[in-house]
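In what follows, a single structure is set out as structure tokens and then discussed.
Letters A, B, C and D mark the chains as written, and numbering starts fresh at 1 in each.
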Amino acid sequence: MIARRDLAVRVAARTDLSPTCFRIALTTPEPLAAVPGQFGMVACGEGFDPLLRRAFSIAGVARREGVTIVELMVKQIGRGSALLRRAPLGAELRLLAPLGNGFTLAPGEEGPLALVAGGIGLPPLLFAAELLAAQGTAFDLYLGAATAAELLEVEHCRSAAAAAGGELVCTTDDGSAGEAGFVTAALERRLAGGRRYARALACGPNPMLRALARLARERGLDAELSLEEPMGCGVGVCLGCVVELADGQFVPSCKEGPVFPASRLAARWSA
Amino acid sequence: MIARRDLAVRVAARTDLSPTCFRIALTTPEPLAAVPGQFGMVACGEGFDPLLRRAFSIAGVARREGVTIVELMVKQIGRGSALLRRAPLGAELRLLAPLGNGFTLAPGEEGPLALVAGGIGLPPLLFAAELLAAQGTAFDLYLGAATAAELLEVEHCRSAAAAAGGELVCTTDDGSAGEAGFVTAALERRLAGGRRYARALACGPNPMLRALARLARERGLDAELSLEEPMGCGVGVCLGCVVELADGQFVPSCKEGPVFPASRLAARWSA
Amino acid sequence: MSVRMATSVGAVRLANPVMAASGTFGYGLDLIDFCPPERLGAVVSKGLSPQPRPGNPMPRIVETAAGMINAIGLQNIGVEAFCRDALPLLRARGAVVAVNVFGARMEEYLEVIARCEREAGVAAYELNVSCPNVTAGGMEFGHDPALLETLARRCREATHRPLWVKLSPNAPDLVATARAAAAGGADALTLINTVRAMAIDAVARRPVLANGCGGLSGPAVKPIALRMVWEVHRALPEVPLVGIGGVETGRDAAEFLLAGASAVQVGTATFRDPAAPLRIVAELERFCETQGIADVRELIGGLQWR
Amino acid sequence: MSVRMATSVGAVRLANPVMAASGTFGYGLDLIDFCPPERLGAVVSKGLSPQPRPGNPMPRIVETAAGMINAIGLQNIGVEAFCRDALPLLRARGAVVAVNVFGARMEEYLEVIARCEREAGVAAYELNVSCPNVTAGGMEFGHDPALLETLARRCREATHRPLWVKLSPNAPDLVATARAAAAGGADALTLINTVRAMAIDAVARRPVLANGCGGLSGPAVKPIALRMVWEVHRALPEVPLVGIGGVETGRDAAEFLLAGASAVQVGTATFRDPAAPLRIVAELERFCETQGIADVRELIGGLQWR
């Protein structure tokens, strides 16, 4: 296990990705290693407003010239994410990372895998796509959003998929770009058309994950879902983020997850 | 009365004045007029931390090319002042101003006046000094601090006093600059030496104001004191900032003050 | 879409559900430039006693995390000065005025009411029964249901005007207190007053407030206030409630309405933003608009739960 | 200057006055990398029941202004698993462990204690008597002094170990409850548990928490907690108290000590900063140093007032 740390990080760069989402790079001299699916708890500001840290998936981590660069992709929802959007470059934040378990990415695996991202569910899958491309595992990347303007990092996604010899499939709910409809429907069409995957990795809003879990059950497809439950601590001590498993247990998703095999989840996830 | 407004202002400049104090310029397109002694309530940050605004004396106000520039001098004490010290240039704050009554500065008055400032009590007196110099009223400026490094804006004070044909008297508690001892003692020495003033205007920590009130009573000197009571609203509705008057009344210092004739205050102020 | 913002608290008709609370809006005229009182649902006066009161020694207020503690000690100009100096102006502007009534003894409540009965332009009395200065063996009125019922009944007999009782969150049994106030004849209940609290200066080793303890208000108490409004609404669904405690935004106001309040009051928020009550009216209207709510009263008690 | 940081809560000796609170530090081992339990005054286990409990449905937590509301519903692994998996490791590290005991019925408290009596390394029991799931006609143990006295007495008879009772801030009469716990044989009182509170999602028109209500914790409640500690300390100066509620800094800890607590617990702060309890030890030590306090116990009950 990679030791988690509470790191003092600095805001080093920020780029808008869509009307609501942006990418933010945090730097620290400390070393940090993470696998796709792992996340960090970010103290978005000082003081008590907001009180709690916010969970963000790690979208990438690199070390260059003695500096670790952690990339996040953030959707502006409320106060915490707004503070991140406004923090001046150079501002110091705290990042507790890496947390959670991450997707299964077996080195040398052939694939192909289906990477399925809904909206701001992209960061762990983009991180995964880059690693898979590097380790030579084939995959297709399914990228869904409500509307064209909210399709994130399309070029970045396309080149990662291309590097792995796979396809980037974009969908929008309103049909303004790519295939019209839900991203899971696009996957379903390809499965129905005969495309086979060794495994699906997915992150996105709960309804999307449910649809995927259902699809996986129906098609006998192995799927790993990265869940987003409200988190208090991120380290397993508040029990605010529990997920019900098929065996009836409630486990903290920050510790036993956020990635769960769809088959391990309680039946209602794929009902 | 100058109409108070709740202005959206921007941080336009900031300069350190001492290890603990800084000057901050806030700008707004809205017109604003204020007299020395009046103050503003500043929302030092967004959100609920801190919850309440902070009171700061107006150290100067000017209008240039359609922009109003409000100058404050701030001592870093706690969270609110720390936020002001860190706010990026261009950050938007809110300033409710002008509030309170201000010193009596009769145009055409001959003087001389004694302006007595203790520590971060300087801003309203520096503002007054500039107006007095401009209107041709003579004054001496007494500037006290704990130690040399905390004597604020010495050159600025010196030139304002000089322009009015007066003296700048600096004192430090530790004797590291100017006359050693309290600023009120320096005034007392000059009064004992025969110097006469039409009035004293003072702002500073409560013990200094008490000493001055006592001195004023003993010497039959008119004195106006700008008091600093903890303020909740700054506009007279919380009754958190009351001051006891000689007639036993408790009046909100944000509204009836912050400047009070020493003779109007309850006896314990000059006891 | 235009939203119907009018509501009523029992027989008191309000142009909108947002009032300025007692003790945070002076005598209704202090913030005319930011919040014309006639544009609010109502304004509630600072607590009035028969005679002027000087209040507590300083310091009286201290900020805490997302809140503040006050121990003003009910400093007020007295009912006479209010009726003479403030009420006529409020009346002339057409403001809906509730008089917050405070007495150290039961008779004092009656005195304040009797004085106001001689004036037009009082829409309701709001009894402040959670004062620290007390009668009846050290028990605050607001903490003893039997005593409170008697107080409400005696006030009820003294006026035909609507009578609100403002409940203390520190009462041993909130619902019993609410029930007693209603049984005594209260037309509506306001809740909550401040929560007893303390701040300590660790360096001075003393309480920050000269009074030792005080009352906590502001956003910090909103979750407690919401719970209490909901609890009383569930127990006494027929009694109109006025919700208060940490209302800072239109959305906060909507939450209180959903929990069962017919209107809200805005207190501490006014210290942060002198236009807060008026801003909250606008925000609430906007919230209704975006939610497709044509009449703000649809929100009242609309919480879908149990 | 070196500060003596050791204190004691009755017979329980602590290396320093800062404990990790129940429900916010897992079973004492989850945050070993940030807060080695043996370096704290003590660690308090998550509330343990005789059998594992699944807890409440989701969502269970919601953030509020400077606070949070939780309705975890006492999910826990059960006393057996705790004694088997966690306690031996804590014991091996030399941590001082208080077991937070929870039961839906009186017998369940006794069961948890009986199971722990077979183990070494339990320094104290802390009875959690403000659970939402109830016995005795809907009244929480913590709200009924007579019931609480009985519970304390029966637990007292079941063990020679120090017995702490954790008081609920929602009790009708805090001091009566404290007195009852002491009369029943409690060696010390911990206060406060969370304050009943509610958050509403105005768009969904539903409570945010699946459970409807929950318990408020964090800095928002600190002024209430301080007041309660002081109130109980004044009424029962001889009873050792453990202060809790919104402790975020060493200075907060000092405030609770001044109000009469012999030690403090750190809860919600641990969610913001997993090293909070240990950081607070250091900050408290530093505070004593700068104040020229040679022994942290000088602070206990040192408030200069009345």
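To be clear about the criterion, a residue touches a chain if its C-beta (ideal position, glycine included) is under 8 Å from a C-beta of that chain, and two chains touch if they have at least 3 such contacts.
Keep in mind that this is a model prediction, so the values were computed, not measured.
Taking the definition of touch as given, a chain qualifies here only if it contacts chain C and chain D alike; those chains are A, B. Looking at which of B-C and A-C shares more C-beta pairs in contact, the answer is the pair B-C. Note: the chain lying farthest from chain D is B, by mean C-alpha position. Measuring from the averaged C-alpha position of chain A to that of chain D gives a distance of 36 Å. Centre-to-centre spacing of chain B and chain D amounts to 47 Å, using the average Cα coordinate of each chain.
With touch defined as above, residues shared between interfaces to two or more other chains in chain D number as follows: 65-67, 218-219.
Shown for chain A are the residues that touch two or more other chains, namely 48-50.
Taken as a graph of touching chains, this assembly is complete, with every chain in contact with every other. Across the interface of their complex, chain B is touched by residues 23-26, 30-31, 33-34, 54-55, 58-63, 65-68, 70, 72, 75, 218-219, 268, 270-275 of chain C. Note for the complex: chain D touches chain C at residues 64-67, 69, 172-173, 195-200, 202-203, 205-207, 212-213, 216, 218-224, 226-227, 230, 246, 251, 254-255, 258-259, 287, 291, 302-306. Listed in rising order, the residues of chain C touching chain A in the complex are 65-66.
Interface of chain A with chain C (complex): residues 48-49.
Across the complex, chain A meets chain B through its residues 45, 47-50, 79, 88.
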